Structure formats: C-alpha cells, structure tokens
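Chain IDs A, B, C and D follow the sequence of writing; residue 1 opens each chain.
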Amino acid sequence: MVYHWFRDGGVDLGRLITEAEVGVFAIAVTPFDTGGQLLVGDIETLVEFYVAAGVSGLTILGMMGEADKLLPEESLLVAERFLAAVSGRVPVVVGVSSPNPRSMGRLAGLVMDKGAAGVMIAPGGNLKHDAAVSDYVRTACEVVGERTPVVLQDFPQATGVQMPVTVLNSLVRDLPQIVMLKHEDVPGLAKLSRIRATVAEAGRRISILTGNGGLFLPQEMGRGADGAMTGFGYPEMLVGVVRLAREGRMDAAEDLFDAYLPLVRYEQQPVMGLAVRKEILFRRGVLSSASLRRPGYVLTREDRTDLDTMMNRLQRRLTSV
Amino acid sequence: MVYHWFRDGGVDLGRLITEAEVGVFAIAVTPFDTGGQLLVGDIETLVEFYVAAGVSGLTILGMMGEADKLLPEESLLVAERFLAAVSGRVPVVVGVSSPNPRSMGRLAGLVMDKGAAGVMIAPGGNLKHDAAVSDYVRTACEVVGERTPVVLQDFPQATGVQMPVTVLNSLVRDLPQIVMLKHEDVPGLAKLSRIRATVAEAGRRISILTGNGGLFLPQEMGRGADGAMTGFGYPEMLVGVVRLAREGRMDAAEDLFDAYLPLVRYEQQPVMGLAVRKEILFRRGVLSSASLRRPGYVLTREDRTDLDTMMNRLQRRLTSV
Amino acid sequence: MVYHWFRDGGVDLGRLITEAEVGVFAIAVTPFDTGGQLLVGDIETLVEFYVAAGVSGLTILGMMGEADKLLPEESLLVAERFLAAVSGRVPVVVGVSSPNPRSMGRLAGLVMDKGAAGVMIAPGGNLKHDAAVSDYVRTACEVVGERTPVVLQDFPQATGVQMPVTVLNSLVRDLPQIVMLKHEDVPGLAKLSRIRATVAEAGRRISILTGNGGLFLPQEMGRGADGAMTGFGYPEMLVGVVRLAREGRMDAAEDLFDAYLPLVRYEQQPVMGLAVRKEILFRRGVLSSASLRRPGYVLTREDRTDLDTMMNRLQRRLTSV
Amino acid sequence: MVYHWFRDGGVDLGRLITEAEVGVFAIAVTPFDTGGQLLVGDIETLVEFYVAAGVSGLTILGMMGEADKLLPEESLLVAERFLAAVSGRVPVVVGVSSPNPRSMGRLAGLVMDKGAAGVMIAPGGNLKHDAAVSDYVRTACEVVGERTPVVLQDFPQATGVQMPVTVLNSLVRDLPQIVMLKHEDVPGLAKLSRIRATVAEAGRRISILTGNGGLFLPQEMGRGADGAMTGFGYPEMLVGVVRLAREGRMDAAEDLFDAYLPLVRYEQQPVMGLAVRKEILFRRGVLSSASLRRPGYVLTREDRTDLDTMMNRLQRRLTSV
C-alpha cells in the first residue's frame, strides 16, 4: 500500500522531520546503463540501500538525479518505481523544477497522485530582484496546487537566483504549503543563523535540511539545521553525523564527519561530482552501472586512481577508530 | 639589496619553482586596521611569518589581497613595503589584473622597477570565446612589457572566463614571458592532467602552482602540479604537503593535509573566506588586526565559535599524532 | 498533400532561399486565448496572412512562438496544424531547441515525419569556449538525425552563447545538414561581412537569414544576407525590403523600411516585444486574441496609446507616399 | 569664473532640469588621437558644439566617455578641461562609477572642488537582490559625500544590476542628495510610468533623463521624462525633440525624431556604437580624430559605407521637409 503523506489527512512533512530521530533525505541518483538507458531494475537495490543507511526520506528527480535529461514519461516511470520500492516506509519528495510551468504542474500532479510526500522547487530563470523571486515561487506553488507540500530549494550556485532571508520569511508566512527549506546557498552559515533568528517574521519555524553534499554539515547542525537533504556515496555518514549532532555529541559528530571529508570534498566538485558519486555507489554494489546519461562527465583513469586512494584511506581510518 | 629576479640576467621564475625544494607561493593578505586604513607596520611580521613557514615565494596584491579596494598609491606602497621586507630572500609576484589596461601597465612597470619577480594576470571582462581570451592575454602581456615575467591565473569561478587547454598551450608557446600558471579552475584535476599530457603542443613545460586555498592539493600534486600558490591561515601545511608529495611520500602528505582539511574547507568559502583567513592570522599573532577594508565580510559570533571549535580540534589532532 | 521538403529527394532548403524571389521566413506566433489555452483555430488565418504577405517560408515554435511554455503534445499539435494549414505551399522550419537533448531529438523526429522542411537549433547552456559550442552543435545535429536539415541560430543576447566565425565556418564545413544560418548576433554587421568573406573556410556558401525583428535589415542585405527570418507585425514590409534590396533598389528599400522603423524598434524591445507583435496582429484581424500564455508581458494602457499613435503615423506615412 | 552648482548655496540640479526650457544633458565623448593619447585640445570645440546644440548640461566621464580606460590623473585632466571650457554656462555632471569605492570617493571630491554640478553613479558588481542594490547606492552616496548631488544611473544592460521601482523610491526618499535618475532600463517605458505613478512613495518628484541613445525618446517624453541624458552624433535632434514634446507638439517631435531614427538605431548598437558616434562627430568637424582608445571597436570599410548612405539620406530628408 502506498501511503499518501500529506493529502487526505496525511503526515506533515515539516513536522515529520523536526520530530524524526534523524533528518536526512538522500538525494537519489537515477541509474542508467552504459548506453544511457534507464536501469529501473537498480531502483529497488538503491532504495534498500538508502533505507538501510537510516535515511528519513528520499528525494528523487533532483538536479543530481539527472532529471533534466529525462523525457516526461521517463520521469514518471522513475517516480513510480521509486515510490513502489519505498512502499510508504519513508516519505519521497520529487523534484519538479522546470523552466516550463505547465510541465512542472503536470509532473507534480502525477507524482502526488502516485503517493509522493511533496515536491521540490528551485526558482530559476536569471531572476535579479526580490519581487521577481517571490513571484516565481508564488506562481510555482499555485501551479503545483496549494494542497501539495513544497520543499523550497535555495541553491544560487546552480540557479543564479538569490533568495534573501526577508524574501524567504515572507514566502513561508504567506504560503503554508512550503514545509521545508533545502538550504544550499554558499556561503550559507550566516544565512542559516539569520533564518533561525527571524522566525517571528516567518510566523512559524520551518524545517531546514542542508545540501552541498554535506560539506558543512557539522557547522550547519550547530546553526539550527534539522538535518541534510543531499547526496553522498556514503549516506550512512550523513545519518550518523545528524544523529550525533541531535544528541548533542558534536565532537563525535565531527570525528565521524572528518573521516569522510576528503571524499565529501572530492564528490562535491561541480560537473564531475555526480560521476564520482555513482562510481562509489557502483563500487559499493548499489548500482550495476556507474554511467551518467549523456551529456555527462566520464571519469578518467587518474580520477579512478584518486578514488582508489581515498576509499582505501577511508577504510583504514574507519577500522583504526 | 633588492634582487631583480628576472630582468638584467635575473633568475627564471619558472625554473626556480620547478627546481625548488618546495613550490609554495603564499598569497599574502593586505593588513588593515578596524577603520580600513593600511597597516603597513604589519607587513614585516607577515613576511617573516611566511618565510618562516618555508614558502618559496610571495604573491601580493592578488584578489585575496583586497587589491581592488586600494588606491593606486596604496598599491604601490604595499608592494614597496613587501619587497623591502622580503629583501630578495624569495621572489615576489605582484597581482596587476585590472579592467583598465593602462593601470595594469603602469603598476607592472612600477613594481618591476622595485624588484618584483613577475606579475600575475587573470583575464577578465566576460570573455566568451577562445580568440577573445587569447587576445586579452596577448594584449596584457604586451601592456606589462615583454620582458616582464607573467604568472597567468586561470580562475573561472571568480572571473567568469574559461581558458581551454588548447588556448593555454598556444599562449605558452607564443609568449615566452609566461613563466607560470596559477591553476584554479574547478573542476580542475582533469585539466591539470591534460596540460601535462599536451606539453608538446605548448613546446615547453610550464610551472603550475594551484590555488583554491589548497582544497585539492594532494590530488593536484599527483597530477603534476609543482606546488601551490594560494592563501591559507596555516601556510606551513601547504609547504609540508608539497614537500612530502615531492618526496613521493603521498600517504604522509595526505595525513598532514587531512588534519587541516576542515579548516581549509571553511576558509575556502566564497565571500567570507578572507575574513576567516585574517582572523586565523590574527589569532596566531601575525596580524595586529583581522579587519577587511569595506566592503568586506565581518565574522559573526557564530562564525567565531566555529573557528574556536575547529582550531581546537586541529590542535588536538596535531598533538595526538 | 504534405510536401516533404528535404527527405526522400525533397527540396534543399538552403538553395531554395538563395534562389527564391525573396528570402523571408516569418517567425510565427502561437495563438492563445485570454486563459492561456491554445487557439488552434487561429493558425489557419495566421498562415494565410503570412502567405499572403509573400513570405518564402514559416518558422514555428521559436522563442517568439512561446515554445518554452508548451507541453510536448501541445508543441506537436501546433506543428501539425501549421503544417496542415501551409499544406506544402512554403517550407516550414520548426524550432526544437531544448536543454534536454532527448526532447530535442524526439520533437525533431516527429515534425520531420509530419512534413517539416527542417529544424532550428540555438546552442544554449552557458557555453564559454569554442570547443563547448562546437560540441553542442555537433551533438544536437546528431540528436536530430543527420538527414534532418538544420537552421543554426546565432543569438547571443538570448542564449548567452557566442559563436565566432571560425567556429561557424568549421561547423558548416563538417556538417552538411546545416543549411542555413539565422543570424542575430548584435552587433552583427561586421560578423555578417566576415562570414561572407571567409566562404573558403566553410567550403560552401550558406544561406543567411537575419533576425532581431528586422532592425538592421537594409544594412544586412547590403552585407550579403539572403533575407530575414524574424517576426514583425507587418511581415509585408520585410518581404518588400528584401525584394527591393535583391533588385538592387537599396534606396527604395530603405524608404520602405524607414516608414516602419518606429514600430520595428518598438516591437524589438525585450520582454514586451512579443506582446506588441501579437497586439498588432490582433488589431489587423489576424489573431482573435492578443494574449500571451503566462508568464508573459501584459500591455499597459500607456503601451496601447503608444501603439495607437505609431500605427496612425504609419498609416499616414504610407498613404502620403 | 567657475560656478559651483550646488555647494555653497548653488543651484539645485534636479529643479534646474524640471524648470529648464529643455532637459538634455549630452553624454560627452573623450577625444583621443590615433595613438590613443588624450586630445585635450578638442575638448573646447566639443563643448562649444554641445552648447550650440542647445543642451542644458553635459555629462563627462560616463561609460561612453571611455572613463574605464583613463588613468586617474587623466580623468582629472579631462574633467578640468571640460569644466574650464564650459565655464559655468551649463552644469557638468561627472561619472565616477568604479568597482573601487575609494577611487569613486576621491574622484568625486576632486571634481566637485573643480566646479562639477554633481556626480553620476551606476550600481555595479553583479548584485542580485534588493538589499544589495540599496546598500550599494547608500554606500556610494556616503562615499562621494552627502553634500554631493548624485545622478543615479539605472542601466541593467550594461551593469547587470536591476533596480526595481520600490528600491528606487526608497532611495529617493532616504537620500536627498539623489537629484536625478538617468533611466536606461530596457524595456523601460512601463517602469518610467510606474515611477511617475508612485511619486508618493518617494516623497518627492525626481528629475528623470533617459538614455539608450534616445532610441525611445518621444515615447519616454510621453511617459513623464524630463528629457534625455545621452549621447548621439546629432545632439540638436535630442534638444529639438525634447523642446517640441515639452511644448505639447508631440507629432512634430516624432517627425523630427523619425528623420534621425535610422542613425539613432545604428549608433545604439553595443560595442560599435561609440565608434559610430565619434565618426559622425569627426565628419561634422567637432573632433579632429574619430579614434577610440584601445581596446575599442574600429569601423570597417562597410561600416563607413553604411554611414555614408545614412548620413546622405538624413541630409536629403532634412532638406526635403
């Protein structure tokens, strides 16, 4: 049975995260074979891997899910397979950002009907002043339907669009359907602190999960993040760091984090990062192919040697502790 | 006596780096008091600190030297003081990038006369195709004078300008005065490998020092970098990593690097990174003020707490090894 | 009967333009009602209007055809209706540019099957060096199929992508399927002259139709353009100017052009231009609604007053001649 | 005697324009010889030409004054020569925009001391949200001194910075030293109407002079502009159009404007426009050299032929009326 997380009296995604033991949503990759065809067969393994890692939820069809290279029916197929494999165990958020509002609205409607817990939207389109950003988000929320929970993604490095805290707060105040912020502005720590310090302006405390591959996760937890919504080849680290931080064991959280940091940093490189992530998942037996659909970065021999070294060093460090 | 590194039969900066024990140029900060006035008195301390850290050279008036906030006579004053304090012990490269070619040419002439070993130039101005980038660099080289050694800075994240390897190679081939590449494209590892693999196209092997705060330094050494030209609050780490890597002790190099990586990553944040660097140098007693000239980031209370934690953790880790 | 212009022994689009009496392709608008629904019923009227104006061809689903706001099945429907209404009287080029190569390939295949004469592609995606632009176009040509005639659109103001003449020439030389250039770089006159002066590098003379609403049409004809591929509320002016210019009657061409120039300039404004064009077509009885699909500019009362004045002045000028 | 326009009880620049017979400030070119050296000798002729054309004021060291290619002492020299030649007959505004606030402040101080009527500032630096733009302008106003009258330039095509009407109004309300808006956003007509419609928010009516080479001057006068602050090879047209429009003779204004529109449009091309303007001024005997300082566009043979044709056609049209 597919659980409808929000509609029809479902669970509130925002509260869910705030109250969950850990608040980690894995940004799921989309598996392709070497010819660029969807490997829907890998989706079940992938889901079991993420769930076993202890994540509180999944986000699919995000930027790191190569959503912009899928045909509409492929997006729907991927969503269906993920939702079926998850089978209501954790909420699934679906990225629906698109330059075309109609495409956004249609995909949102379809995946909510299939049991998604909400949709994720990042304002795009070279917006350069506050009202333009606000209008974009308001229209997008209208387009996906006011009963659809929305995760708002603040990712200026990828989108070019800035969302000042004043704009965020007024959107949160006016649009109850915004249930979560995916925070990945850089530098973003001061912004995170400011959002937490200005809750009164927003009228309510919103869940904040942070991105950027977890590169600043311990510090972000210290600033009031509820967890992370991001991808990384070792999601169990994200889960562990968030759990330890929530228990107030910050030093242990940082110890765990630091062991993985060389790889976090390596995987966080633009353009090539996703190829690294898929390669790690492939080496760990989670994916049957590490390929990206074209156009996408292809790892070189030297990249693979880097990975050999760093994965070996991680292994040694983990066993030595 | 001020040593003229290149002119009049001086030392070849490129060869110097290739043959040096370590190849680390520190990107020096420019000290200001809380009111934004130059603290020329700090320059001597700063120079001794960098030299004691074992750097092979200094780069002044770079982007992280707040060069774009100095008046022309201030730039000259800063250069004079640095050159005087260094007093020929290591070569000093001076950043002269400017949207105004005449300003670039004038500053280059003045600092070369004062004993600089070369100038650093990053192509700017929203250039969007190969010929425009080539023309920019050719003109800049002409403007600073063909006898002036040039460090070419490849830093697309800051400048918006891409320099493909084919363009770089043809510039190196045609312009003997280009003695070094400051490599900080991201992702940049594959590019670094490609430059080394296509030396035949350039006709000569050029020194490559990498930037980005050292974030990928061990991997860059593995790809054929000669060292680093970058800033970091603990330049002794950069020196240590490059020395160990040059000795083939890669594992030791990575051990050393990993201890500092949490801080490297924190200092490498855009906008706020320089404030972090200056704060570390201030806490270490190298600067008498951590201030940036306006407009510049001001650390928050939470930022300082982050730094407390990370600097403590570093101390513990270094003493535990 | 639908005429297949290129496939199966069809007409060569490039030669067709060069040899045609006039070389004007109208960039067709896409009609919507005030609620944003497609007005397919208007397509027939629109086609008759363009054909009566004397155009040599039509381009549909371009940027000014609001293609980025259509769902995939709407794009196909619009293409089918235009192709049916044209019924082989003139060739129809279909814009297929998309950030998603699979969407581009699919739409190209579908419309070529329905009788399109070719597809139009503008390289997009923030490309910043020559090889990236070349790769984009080569991949796009492969994706639409090597037997599909391609109109290459050079429109940096909208796409941010620069195509230097050297890149254009090598693409034309290597990819026989590129049959035409839609030239709308600004400033573009010198570029146009250079393309014509370097035909030897390209190995063949390519048809060039110019854009930008015709703002520089007389000068472009003087530089060797074959005509225009652009939108304007009075396409008969474009046809007239191209015809007169081809007959060598440049002074008469400019007289005709100048009468319309105030409106050309007004309609050529970014963001609002398409709303002006549709309003003119509505006032002329060609569209039953002047609406754009959201998000789109809505004319203000003052805009309408401007239009009243300029259309009246045009009427007076045309009758006074 | 040099008249101090604002300081020490001088004339209010804003009121001056509103009450003047015509409100045209010519954006003056800076004369260079073919080797790129300043031709200060031409400045007197240039000033007499502009004054004879009937302008209400001059703006020097703007973007079209090649200010970004001058050394600081050259900027000052140019300003001194213009101020001396004008000798208080009309107010002179000096462009002081600079990425370096200290440079901006210094130049402002120097030219105000020499008798400038005010300075012009365009916010720059890739600002992407309202508060960043506001902060920039507030800081700039502080930097040039609160007694210095400021012309605020709104020119997003060149600066990349958007200034929404709400931001403009709050700046005008809070900063009495802002005496004028140089309006050249595109599309800008609706914005102009909105500024006029929201005077209550700003608390006072500000003078608005429009730019963009006068391309929309008649429509802008209809929307409430006070005149134009722009360059064009025939400033007497700008003066004539503004005078006629202020007299309510809109049809005559448009007749005059339309005669020049082909050249306005040609001169308004980015990159090459200034070379066209200088060539026209050279042909008219106002400049002894049409050269731009490098890097700058050089007219081709074909460009000159275009100009021949258009200038001849203008001559014919003016004599036929």
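Convention: contacts are C-beta pairs under 8 Å (C-beta built on N, C-alpha and C of every residue); 3 or more make two chains touch, one makes a residue touch a chain.
Just so it is clear, the model here is predicted, and its values are computed rather than measured.
With centres defined as the mean of C-alpha atoms, identify the chain lying farthest from subunit C.
Here the answer is chain B, farthest from subunit C.
How many angstrom lie between the CA centroids of subunit A and subunit C, rounded to a whole number?
40
Take the average of all CA coordinates in subunit A, do the same for subunit B, and state the distance between these two points in whole angstrom.
About 35 Å, centre to centre.
Which of line, ring, star, complete and other names the graph you get from chains that touch?
Complete.
Which subunit B residues qualify as touching subunit C in the complex?
128-133, 156, 160-164, 166-167
Sort out for me which residues of subunit C touch subunit D in the complex.
Contacts found on subunit C: 186-187, 189-190, 193, 215-216, 219, 222-223, 250-251, 254, 258, 261-262, 265-266, 269-273, 300, 302-303, 305-306, 309, 313.
Could you list, by residue number, the parts of subunit C that touch subunit A in their complex?
68-72, 99-103, 106, 139, 294-295
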